[in-house]
Amino acid sequence: MSAVQEVVTPAAIEAVPKRAMTLGYGTSLIMLALLLLVPLFVKNFIIFQLTMLLIYGLAVLALNILTGGSGQFSLGQSAFYAVGAYTSAILMEHAGMNYALTLPVAGLICFGFGFLFGQPALRLSGVYLALATFALATAMPQLLKLGYFEHWTGGVQGLVVTKPDAPFGLPISQDMWLYYFTLVITIAIYIFSVNLLQSRSGRALMAIRDNEIAASAMGVDVALYKTLAFGVSAGITGIAGGLGAIAVQFVAPDAYTITLAISLFLGMVVGGVGWLPGSIVGSAFIIFVPNIAEGISKGLSGAVFGVLLFLVIFLVPHGARQVAIVAQQLMGKLKRN
Amino acid sequence: MELFTNQILAGIATGAIYACMALAVVMIYQAIDHLNFAQGEMAMFSTFISWQLMQWGVPYWGAFIITLALSFAGGIAIERLLFKPLAKAPILTNVAGFIALFAIINSVAGLIWDFTIKQYPTPFGSYPFLGSQLISTHQAGMIGVTVLLLLALYFFFQFTRIGLAMRAAASVPESARLVGVNTSWMIALGWGMAAAIGSIAGMLIAPVVFLEPNMMGGVLIYGFAAAVLGGLTSPLGAVVGGFLVGIFENLAGTYIPGVGNELKLPIALALIITVLVVKPAGLFGRPIVKRV
Amino acid sequence: MRSKQKLRIAAFSTVIAFVTTSGAALAQKKYDTGATDAEIKIGNIMPYSGPASAYGVIGKTEAAYFTKINAEGGIKGRKINFITYDDGYSPPKAVEQARKLVESDEVLLVFNPLGTPSNSAIQKYLNSKKVPQLFVATGATKWNDPKSFPWTMGWQPSYQSEARIYAKFLMKEKPDAKIAILYQNDDFGKDYLKGLKDGLGAKASAIVAEESYETTEPTIDGHIVKLKSTGADTFISITTPKFAAQAIKKLGEIEWKPLHIVSNVSASVGSVMKPAGFENSQGILSAAYAKDGADPQWDNDPGMKKFYAFLEKYYPEANKLDGSVVFGYGVAQTMAKVIEMCGDNLTRENVMKQAASLKDFAPDTLLPGVKINTSATDFAPIEQLQMMRFKGEKWELFGDIISGELSN
């Protein structure tokens, strides 16, 4: 009977009812107000951190669409992020293109890249898909270093990117402008993603996630939807990568190693697989927890980070989503009383 | 032609490293049905323990046996303390746990033994083996130990009750419980055995790559690749996969013009993925049968 | 009455005199953000975690050195507040940490951040903020560029200048050499390779083979086998310690005995030659600018005695075999020297000015004769190296101290 083996069994990613994938209106508005107002009262450095929070949040969201939506596992998101970052950087520095215009290009190129990668990935699942995407992530820095592309990529030295000023002579700092620019894009992509998952296509994806064979029996074009999920996920990651290049003002092969892919994966788990609003929580985890760990001990920062991660997954194995559900239940009780 | 033979021999020598690690990967896969990203670090830590014992004056084989026992116990302890509580959590949460374990072990080893490389002794000596300068007696010894381990594992899984029970517990836990297998302890036992095999791999690999906290990072990637290529359910496949990856990587680095040298790992991985697309369960793995 | 008035005037003038002198003294004390009467904030970024965590020791040594300075009363009564953060060798994280240091901790300067990618990522930011990026811990050649980046300065000899020294040596001692090169595929390896080729000039055709390796490769045996098959008689190993040791050991195993040159990065007795086996290391050539903490020939050297005493008291858990400890000590000492030279004028501009006016400064750990010299147009503090050959269990220095100054 051992022939019946599935690695990431369909049950590995629990079915998330689609209504539970978003936040209520009230909570959404509070979040939005916070994201809009907080930058007005903090230092530029914090604004920069918040910008990175949104950017990694987007990348985690993209992974969430792939894993939480269609049930495909990826350790290769850093590769798509790198392609997006380099696309933006090269277009800005070599072609003199406006930074805002480079983002759709980065998104489209990554969509194509992801869609193509999704083709062979169709035949793989679970551990095998993990290895294939892992391979992609390890190969990417080496490809970026390759002598043949050095003229454009800057080889091992990387490329320095110019940070854009606020347009129309607006009297705000570069950091604040970039933050609001990123915020608008993030909100747009978030709304797009929520609608995507609630649409016909989203239902098809979730059917595949829950049971691929059953979905195909119901007439869902499994191959098409799975590759599309890869494409959309890669496209969003690419846009995040482009934004990241602009915010950090620098791209280099060492910035996009497997460590980034692993961080994004951790972000997804901590935020709650399949729960889109959790992406921002996950992103906060991967940005701030290493700083906390380092504050506790320099020599053992890795160990402290590991311990904190264990604590989180022990307390809430389903990530921030679990917290949200508990909070919702509490609220419900309070209302009834 | 001489270069070709030399590269194949060098590939076999490196492949022995991957094969050894791949065996440990297969062991844990048989027990818990997924991969453990911290496995390389656990092996590294075990190797450091044996090194420390030798520094304290314990002879090689004494340190070897003690380390084996400690690793076995350590593997079980890690499972009981850290992963048993996560048994009901989603698999992806478990994977996050492996990553956390990786970070902890790597960091602690760095603090205790620092990051300078250390020489690690070999019981086989490092002289040319059968007149070939490309394979040393150590590497030949390593291949020998790998084959022994392979036979032992094959025997264990195929012919012992406990081996059978372990496989059943991993692949069909509900049915296994119904026939009276203690699946929880089977998993712990699997962790212990994987840690012990990993420690052997670490102690054999260290003389070649030198002992330091990051020594298994690269090895684990190749070990995974080898195990997946050969089929995660097959110890024989893992060993064959290890040698194939070693040989192929060397040939790609030597003979593919232009990018071969710079991209030998990506090329090797691409080939493995191509194999998987054709044979999704690996070269020696059992095909996956799905039910609706 | 008169005398009383006289007295009053005298008293008055004294008061005036006092006020003016103390006013002049106040005018001399000048501070930028990060410096006060009581303390000077120095920022630092190190890879304490991640793939390059081996170098985290540098940051720990520096922290220990500044603890020693503070224990001895600080510099001109000011304590050093050394703030060091982890970037895990990731450029985006380095940018975040650099901004935190400058905007949140408000440091006077950023000292010795490690790694070419991380430093490249923060260079533009620090220069636009006019914050000194002093004595960066990388040997890339680009840090010596005072015209474009007046706020950035290196410390160790550049990889290119070191490589040129080997090229010069080879052209003189072995003009018909057939050279095989193994290099790490990153900024370090590529910069070095360029220096070697530039140095060989028209003779670059003497390079019969070059192979690159990735740091993720478990072993480099395959590369060595391939290089041997080219029939080369000279082997240049542009490698980091682990891989340098693997190469030395493998060369011994396959009985290939070319003229073997190891880059300075890996010329450590304790962390390369010893693990690789002294029997395999005989005759290897390299160049050095600092003393080796594991080399017994320096046991009675006054500078190294100070260094060992420092380790014993302030950093007892340090591994003195680790070249990074020697490095951290030397660079921290240079930093302290610059702060001392600044006197009471602790502005960022003056820090850069003083850093660019070091004359024949010799930290305890540098080789005898190697001195630090900088000027407004020369932002490369250490430019001298001496060739050495491995014999027995230590390095034997030979030849003159050579300046590897680049003429560009």
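Per-chain residue numbering starts at 1, and chain names A, B and C are given in the order in which the chains are listed.
One rule holds in what follows: a residue touches a chain if its C-beta (ideal position, glycine included) is under 8 Å from a C-beta of that chain, and two chains touch if they have at least 3 such contacts.
Treat the numbers as computed from the prediction; the structure is a model and nothing was measured.
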item: Labels of chains that are neighbours to subunit A and to subunit C; value: B
item: Two chains sharing the most contacts, counting C-beta pairs only; value: A-B
item: Subunit A-subunit C separation of Cα centroids, rounded to whole Å; value: 38
item: Centre distance in Å when subunit B and subunit C are each reduced to the mean of their C-alpha atoms; value: 39
item: Between subunit B and subunit A, distance of the C-alpha-averaged centres to the nearest whole Å; value: 31
item: For subunit A, residues that touch 2 or more chains besides their own; value: 138, 142, 145, 299, 301-302, 305
item: Where subunit C touches two or more other chains, by residue; value: 49, 51, 53, 56, 185, 214, 216
item: Interface hub residues of subunit B, defined as touching at least two other chains; value: 103, 107, 110, 221, 262, 265
item: Of all residues in subunit B, those that touch subunit C in their complex; value: 2-3, 6-7, 10-11, 13-14, 17-18, 103, 107, 110, 114-119, 126, 128, 133-134, 136, 205, 208-210, 212-215, 217-219, 221-222, 249-250, 253-254, 261-262, 265
item: Of all residues in subunit C, those that touch subunit A in their complex; value: 48-51, 53, 56, 59-60, 84-86, 88-93, 95-96, 99-100, 102-104, 115-117, 120-121, 123-125, 142, 185-187, 190, 214, 216
item: Residue ranges of subunit B touching subunit A (in the complex, touch as defined); value: 29, 33-35, 82, 85-86, 88-93, 95-97, 99-104, 106-108, 110-111, 167-168, 171-172, 175, 221, 224-225, 228, 232-233, 258-259, 262-263, 265-266, 269-270, 272-274, 276-277, 280, 286-292
item: Partner subunit B, residues of subunit C touching it in the complex; value: 49, 51, 53-54, 56-57, 185, 211-212, 214-219, 221-223, 225-226, 229, 241-242, 245-246, 253-255, 270-272, 274-277, 319, 321-322
item: Sites on subunit A touched by subunit C in the complex; value: 43-46, 48-49, 52, 138, 142, 145, 155-158, 160, 244, 248-250, 252-255, 257, 259-260, 287, 290, 294, 298-299, 301-302, 305
